[in-house]
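These notes open a run of structures that come right after.
Look for chain A in each of the two complexes below; its partner is chain B in the first and chain C in the second.
Presenting the complex of A and B:
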């Protein structure tokens, strides 16, 4: 999961995360990763701070806006190999799936095409 | 294959651009199963014969010279001419063209389909709808079929009866559904890639999601236009060789470039949902609209706007609360009647249109997550259901119901010749009906799925929303109902860099 950040020391990331959380106590630090299978320029690695009381669905809604995705494109976000229910709050998802370094890693995944 | 001693059976199927080799031991070496082997072997030969007969392109098909080919490019003069011709004659058919280039993949596809049809066939076989004494209920587009002793008793929403009668009734109903499959030998579709131009005269191996979309649309339209149209008129809408067909494969491909797709590409259920929405705007069907909702969100104001044909700003100003709710009290204030629920004034509106709602969803990775299996069954048993564009990994299927923990589906992976005119259409209407109800376990179904609902009028819409509200636990937030789109909240997401 944290393959992209292997080069950065876990301790370093922890400190970084703590700094961010101290300056934004009501926010969750999230790192958006690309699905390895997709090679899409739209989905660069991004880092967000999301309000704790946000529902997962609000997060998706804001993400769509920030990524400038057209309304017709599918946007599916997975966390820890799981697709959370849309009415879950971000804080409950964070508690369940947070990385030891304190960040929440989410993954952009594509829909399967069928032939 | 002709060799009697052969115990291995191999089929090359072209479900992908590259050939995929399926091999399986159809006949096992076990002596006790010798009899079974013979039965299967005979069935396989029947299938081969059958498939060869259907794929042998007959002489009735006209041969065309290559310069007469239809070229699917925008602004082409030929198209302009064709448009005029189409106006003069309501249904203008192109002659079919001979298509022998990919006979091999067609052959493989059809053999596979026929093998899957055989009951209890190892490896290939799908489960079939079961009518044993103690089998579970079958649900076909919200109609429940239940085994019981005694006479056949039927209502709109359920049928009860002894196994024999029930089976007959179920098969009758199942055969009434419109089944759309791969077709071959239609006017060529052109696809440009780099410098080379590829020409497709059949959609074998790539068109299945579109076929499933067509199935879903036609079966919904059948319900919508009930009584006022014939089945042949419906099927005219998807004829590949007809110019005026509004929902043909060629029309899907004309708009596919907007989604960065071209003929020969695979499509996802959500993409096909958008194709249908787009095509329904171009080809208006009386009192019928299609609306796709992304991200599992259903916005009531948007549904009302397209159903009443009023601007969305106007809808947002007036009360659209359902009338039958007890907590709704209407009171008068400065000449207007105000609703106590939403604090908006009431106003007259009428639902002019029925609406087909489509929800492209992702319910897991490649396979459906176990917690969603009841959710899917719930949605397929709602009276408003129009089935679902789903499938198993790599192949799309039209999901129409379920039995136990398996989904009932119509399979488009069967190649039939493209039809060249109304006469041919009326004589081969059987090719649009399927008589084998097959089942796929929910846990092996594809997780990309588009749930479809046909909402006839406002009453049906409110019933639909009530059902969703009542079963919130079961739904796991797969469809969330909101009055209108979220406003940007005061708290926002922030970006940060290292």
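Presenting the complex of A and C:
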């Protein structure tokens, strides 16, 4: 994972992840990474805990809300090089694509690509 | 945009007379040649059998495409709830001290789309296997289905299901044509209510994300069918595709033209998020 988190070693990240998962047993810890720095979402929080039962679609909906994206912007989200089906639950995506450190890394970029 | 409407007539005429590109500009511009549209369409039909190639209505044949592969269509796609029923109210968010944004589902989660068959029913009615022919347009196998006793789909109407959710279920026929002016795929929608009466455009706007309705969505003549339909305007589709191609490139891989219609459908699902055509597709970019 070529993220800023490289500076923290795997073991530390694992511990942090276990801690957060213990305190939120029904949520999945997600770290959002911007694909490029050209984004219009300004500085947003990039750490999310979402319900395991969330559908991928709900996650995207929520993300859009948090990012305050103009509704005519397209949001590109890939997880482990995949564009998951919208009806997958976050727990099934997590099981498939989680990082060895326990976090789920989600890449996004956005573009006002429609309209 | 107002300019769409002014330009539509010009483009529909100009598109007919413009010579269609032979050389690929997919990677540098995100546009597609008719040949690339065919490749991507074949791939879609192969991977998602709910989509099929169709011939045009007599008099509306597109010369740049084979007679039996004029446009792509999928019929009877369920749309179980309106957009304003998603999201809002169901989720509460708060921020933790160490900067995590926590989303929580409020109250018991309603799952009107899933009907639980009780064990008694299953053991007594083993022979009552639903007729496959009645399930057209539905994905029969859901690899991710966790509970075996839960069947997906609105086709099993049971007494337990709230009447309201049945009433709201609409279906859509979606088609994808090749836009000769913008040289991209273009999506068209025809919706029906629960009694299979056609929806008016205004009713269909309930299923289109707020800001898109009336802006990027226009009512125009379907090039292959000749009927007036709601369409998602393709003016920025190439730019969107190009953005996706660049994103892949920055990740060290190259976009494949046969993925193009999958990608196109993925992105349009943010315009019509409750129309469930996309729900079974999981696209690997590798």
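Rule of thumb we're sticking to: the second predicted complex is superposed on the first by the 96 of 115 C-alpha atoms of A that agree within 3 Å, B and C clash if a C-alpha of one lies under 4 Å from a C-alpha of the other, contacts with A are read in each partner's own complex, and residues count from 1 in each chain.
We take it that a residue touches a chain if its C-beta (ideal position, glycine included) is under 8 Å from a C-beta of that chain, and two chains touch if they have at least 3 such contacts.
The structure presented is a predicted model; accordingly, all values stated were derived computationally and were not measured.
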### Message
Applying the document's definition of touch, where does A:50 land relative to chain B and chain C: first, second, both, or neither?
### Response
both
### Query
Looking at the overlay, does A:76 come into contact with chain B only (first), chain C only (second), both, or neither?
both
### Query
Does the superposition put A:87 against chain B (first), chain C (second), both, or neither?
both
### Message
With both complexes overlaid on chain A, does A:61 touch chain B (first), chain C (second), both or neither?
### Response
both
### Message
Quick check on my understanding: which residues of chain A belong to both its chain B contact set and its chain C contact set?
### Response
20, 24, 27, 29, 47-51, 53-54, 57-58, 60-62, 65-66, 71-72, 74-76, 78, 81-83, 85-88, 109, 111-115
### Summary
Touching chain B in the complex, chain A uses residues 16, 20, 24, 26-27, 29, 46-51, 53-54, 57-66, 71-76, 78, 81-83, 85-88, 109, 111-115
### Message
Which residues of chain B touch chain A once you look at their complex with the stated criterion?
### Response
15-16, 205-209, 259, 265-271, 274, 292, 294-297, 360, 362-366, 369, 391, 393-396, 446-448, 476-478, 480, 486, 488-489, 491-498
### Summary
So, in the complex, the side of chain C touching chain A is made of residues 1, 86-87, 91, 93, 95-96, 99-105, 109, 144, 209-212, 215-216, 232-233, 235-237, 239-240, 243-244, 247, 250-251, 253, 262-263, 266-267, 269-271, 273, 276, 278-286
### Task
Show which residues of chain A lie in contact with chain C when the two form their complex.
20, 24, 27, 29, 35-36, 45, 47-51, 53-54, 57-58, 60-62, 65-66, 70-72, 74-76, 78, 81-89, 92, 109, 111-115
